[in-house]
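First comes the structure, then the notes that go with it.
Chain naming follows the written order as A, B, C and D, and within any one chain the residues start at number 1.
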Amino acid sequence: MADLTAVLGPLQLPNPVLVASGTFGYGEEYGTYIDLNRLGGIMVKGTTLHPRRGNRPPRIVETPAGLLNSVGLQNPGVDAVISEELPKLKELKCPVIVNIAGSTVDEYAQVAARLDGHPTVAALEINVSCPNVNEGGMAFGTDPAMVREVVQAVRGSTDLPLICKLSPNVGDIVQVAEAAVEAGAQILSLINTVLGMSIDVGTRRPTLTNVFGGLSGPAIRPIAVRMVWEVYQALRVPIIGMGGIASGRDALEFILAGAGAVAVGSANFTDPGVCLKIIRELEEYIEAQGLDGLSSLVGAAHP
Amino acid sequence: MADLTAVLGPLQLPNPVLVASGTFGYGEEYGTYIDLNRLGGIMVKGTTLHPRRGNRPPRIVETPAGLLNSVGLQNPGVDAVISEELPKLKELKCPVIVNIAGSTVDEYAQVAARLDGHPTVAALEINVSCPNVNEGGMAFGTDPAMVREVVQAVRGSTDLPLICKLSPNVGDIVQVAEAAVEAGAQILSLINTVLGMSIDVGTRRPTLTNVFGGLSGPAIRPIAVRMVWEVYQALRVPIIGMGGIASGRDALEFILAGAGAVAVGSANFTDPGVCLKIIRELEEYIEAQGLDGLSSLVGAAHP
Amino acid sequence: MLTTVRKNTMLTDRIYRLTLSAPQVAADAQPGQFVHVRTVPPTSWDPFLRRPLSIHDCSREEGIIALLYEVVGRGTTLLSRLRPGDEVDLLGPLGRGFTLVPDRRPVLVGGGLGLAPLLFLARRLREARQRPVVLVGCRRGSDVVAIDDFAALDCKVEVATEDGSLGCKGMVTTLAEKHLECEDAVYACGPRPMLAAIAGLCRGAGALLQVSLEEKMGCGIGACLVCACPTPKGYARVCTDGPVFWAEEVDLRG
Amino acid sequence: MLTTVRKNTMLTDRIYRLTLSAPQVAADAQPGQFVHVRTVPPTSWDPFLRRPLSIHDCSREEGIIALLYEVVGRGTTLLSRLRPGDEVDLLGPLGRGFTLVPDRRPVLVGGGLGLAPLLFLARRLREARQRPVVLVGCRRGSDVVAIDDFAALDCKVEVATEDGSLGCKGMVTTLAEKHLECEDAVYACGPRPMLAAIAGLCRGAGALLQVSLEEKMGCGIGACLVCACPTPKGYARVCTDGPVFWAEEVDLRG
């Protein structure tokens, strides 16, 4: 049996296939379709300081080979996550990573502080794609200085391994990645959704109540692979690659580009069993190629 | 019969459906499939000062609902375009727009100067997605200052209507759009291809010899619509929208977002008759809605 | 789960009935539940999302289910091309179905394709020795389908069409209003405005009302939160908290 | 152009022959030309690109063409699901085909699925009263197809397989070398290394060589320049300057 262990800085995963934040809830629902213990890890949904209602529907629109979503970070708030959700995940064999979000630097720090040292939490993933209310709603993740500030604040609030999840809606992803790493992120997740929109030609209005939405699914895979490649090339930092992964082949593409692990989001909607299928395909590949693990493949496409 | 005339600043088109640069050659080849005279306009392929061989194959890789290309601006150079290609387009009823490219600001200006006043040329479209050799290969289009410089130089070399074709690989498209307009572009084309890449898991090397490629096709439509929306919202400038258009519905989405005309690229590969189909569908829509033309639809999705 | 097409029958120019061999779904299904259907083969990523379709009819014994669908867009167009022997990948049965209310007189109200889940419901009500009245509202008479199937279950069926070409001319709500004088357990599926109107009538008449709602879906199993439906207590998920709700649970204007 | 599937026959575990009603294509086609095939219905955008496939056989009289294809990826997997009566959207015939060289003795060399265009070519050569020798190279004997069809045209067929399970053990180039002592017009299709080797042999023997090349395509009609093939004079387009080239025209190492 191939050993798929993935080591990303301070984080060790039983295999490199995680589920992406926001697409998998707290795992429960998918538990009837797959054995959650076999996942490389679960990145639970974006958690904020206070409960959030989320956006008015419609929150989703299908696009070619993908979808736009504008859930609007609906979540019960960090305290409820700690009291209601994390206890249910306690017995799980795979690592649980909590994705945290906020509207201000301080909110991120507070959420991190409450989760610090929680025995069920293996790492925090900082979602910097949220609008910064103090900067006119500009997303934190589009400005290296704001990313630095958020990561530093979170770093000061917890000793948990820190993943910074980058937004692809930037001109130079390497600059933002650098800022995140300098500020203390040990791992980078990329990419979050690409900003997009759709117009309903019937009503002649934006399809999503929120106007803009985040594009995900196979459509964005070439963009995501490129960004993983660029960041790995420049920084050789541990990366969790994501964006449109739906098969073992896709996962390998990210790994060869430099990702030490991958996360699967939208493809779970198409096939709830897709993650286990990907793990199986990776095992088969490694055995067929006579490798003894993943590590020699990470970034192997670089010259 | 619905009147589909599209007016974009100094440029008047018989209908709003153009073909996008680089996907349609100089029209000739498609002439056996459709009556070219019925197009809203032809944007011929990127033209540089000197002939360019282009990149080593493979130059294309299919991606979910799209494709990556790295043709590398293969073209015979502006002089051959003037002596060999433009004469063949002289009798065409629809406007011909020449897409110009360069590695230096001066090259853009020189190409523009040679085309200035040419009777077959209705407008120039400046492709700013090319690498600037004087800035370490950084694409002109990713920096508002470089865009300003290029557009100004071209503006100084020709009296032809000027379209600036923006690159989507930026954090803030409005900033770049503003620079282009201030420098003298009367019309904006958006979007050019999105930077992407693909890795061949068989060879474990990038699939394209050029490593990176430009993503086009339906996959990028939500990104393109969003950028047209943002630029129209901020600047109310004439826009030619493109990126994944493959149906009348798609074209309407761009028009409602703020595009006065649209261009169709990759979809021609799937269906050489797609542009005429789109024109027909727009006519049907306008008649069904009892409108007397397009103009009331342009930007109509904005509040 | 892979199922096999038995039949895909064109009922009108736009409405089809798809019959599938799906023993597991048939064994577990409750009326009002739905299946989440992939419309392309596994090698295609477009259309990407599954399509939610109510279970229209179900036979445990034969291991088959039927779906009743209208061709409205890309996914349903692809479904309409399926032929006997083709494979269809679906998830289900999903969601919370109708609660069969004992000791009450049932009336089933379907607006347009909202009729879809009501045949299976009627079948189960009959098995529970209740005899529902079925009210069907459609734009045109030519859109009315499945009437015979209700009749075969010995249910009384009344039809209202907007153009008056079949049954009464008018809205199904007018039929419903009349029936609320005797029937007092209402099961409704159809457009929001119809459901809101029915809810008003039921409040007035003191009838119990369950409504089946629609919202665009991602996962279909409760994980992604895109299928939000406003309720007095925040947003509920149509895919798992519904699609069937008690009228009081949801905000039908939203 | 919409064509209709007559038959889609599985020949081996991976190789199929697709027979299409396509009178216009059949009327115009020349051996060595190809068709550009859409693998999904018009409502799906994935896979997005058409697939180039050589015209394997063609009957003007019956208005049918045949394609011989190997299932290698997403598009060909979708093609393998086609059934009689299904519609297939294709463009063609496209590209420059083989030039029939009169007064020379023809030998046809096919490596793997490079065999595909050679049956139609053999048919036209027979019509021109030439009698080609056909040399077929494959990995395994179980991959060898269409031999009977060549035999039915009264062509001499020789097979080489790498595992020796059919015909000679070895490469098709070894067979070719022997034949270049008498045959002097070579028509070849197969992997680049095979073509490069054949080109070397032909140069030595003074034989005329035409090769059919493959490259990934976008438009398939000469407009997009993605199907570049290196030549001494810059890049040629495989889709319109080829797919068949005189060996001298192209750089076969590229």
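As a convention for this text, a residue touches a chain if its C-beta (ideal position, glycine included) is under 8 Å from a C-beta of that chain, and two chains touch if they have at least 3 such contacts.
Note that this is a predicted model, so its numbers are computed, not measured.
In summary, the chains found to touch both subunit A and subunit C are B, D. If you average the CA atoms of subunit B and of subunit C, the two centres end up 46 Å from each other.
Centroids built from CA atoms put subunit D at 52 Å from subunit C.
Between subunit B and subunit D the centroid-to-centroid distance comes to 36 Å (mean Cα coordinates, whole Å). Of all residues in subunit A, those touching 2 or more other chains are 63-66, 217-219, listed in ascending order. Among all residues of subunit C, those that touch two or more other chains are 45-47. Interchain contacts join each chain to each other chain, per the touch definition above.
Of all residues in subunit B, those touching subunit D in their complex are 22-25, 28-30, 32-33, 45, 53-67, 69, 71, 74, 217-219, 246, 266, 268-270, 272.
Interface residues of subunit B facing subunit C in the complex, by the touch rule stated above, are 64-65, 218.
Per the touch definition, subunit C reaches subunit D in the complex via residues 40-41, 43-47, 74, 77-78, 81, 83.
Across the complex, subunit A is touched by residues 45-46 of subunit D. Listed in rising order, the residues of subunit D touching subunit B in the complex are 38, 45-50, 91, 215-230, 234-235, 240, 254.
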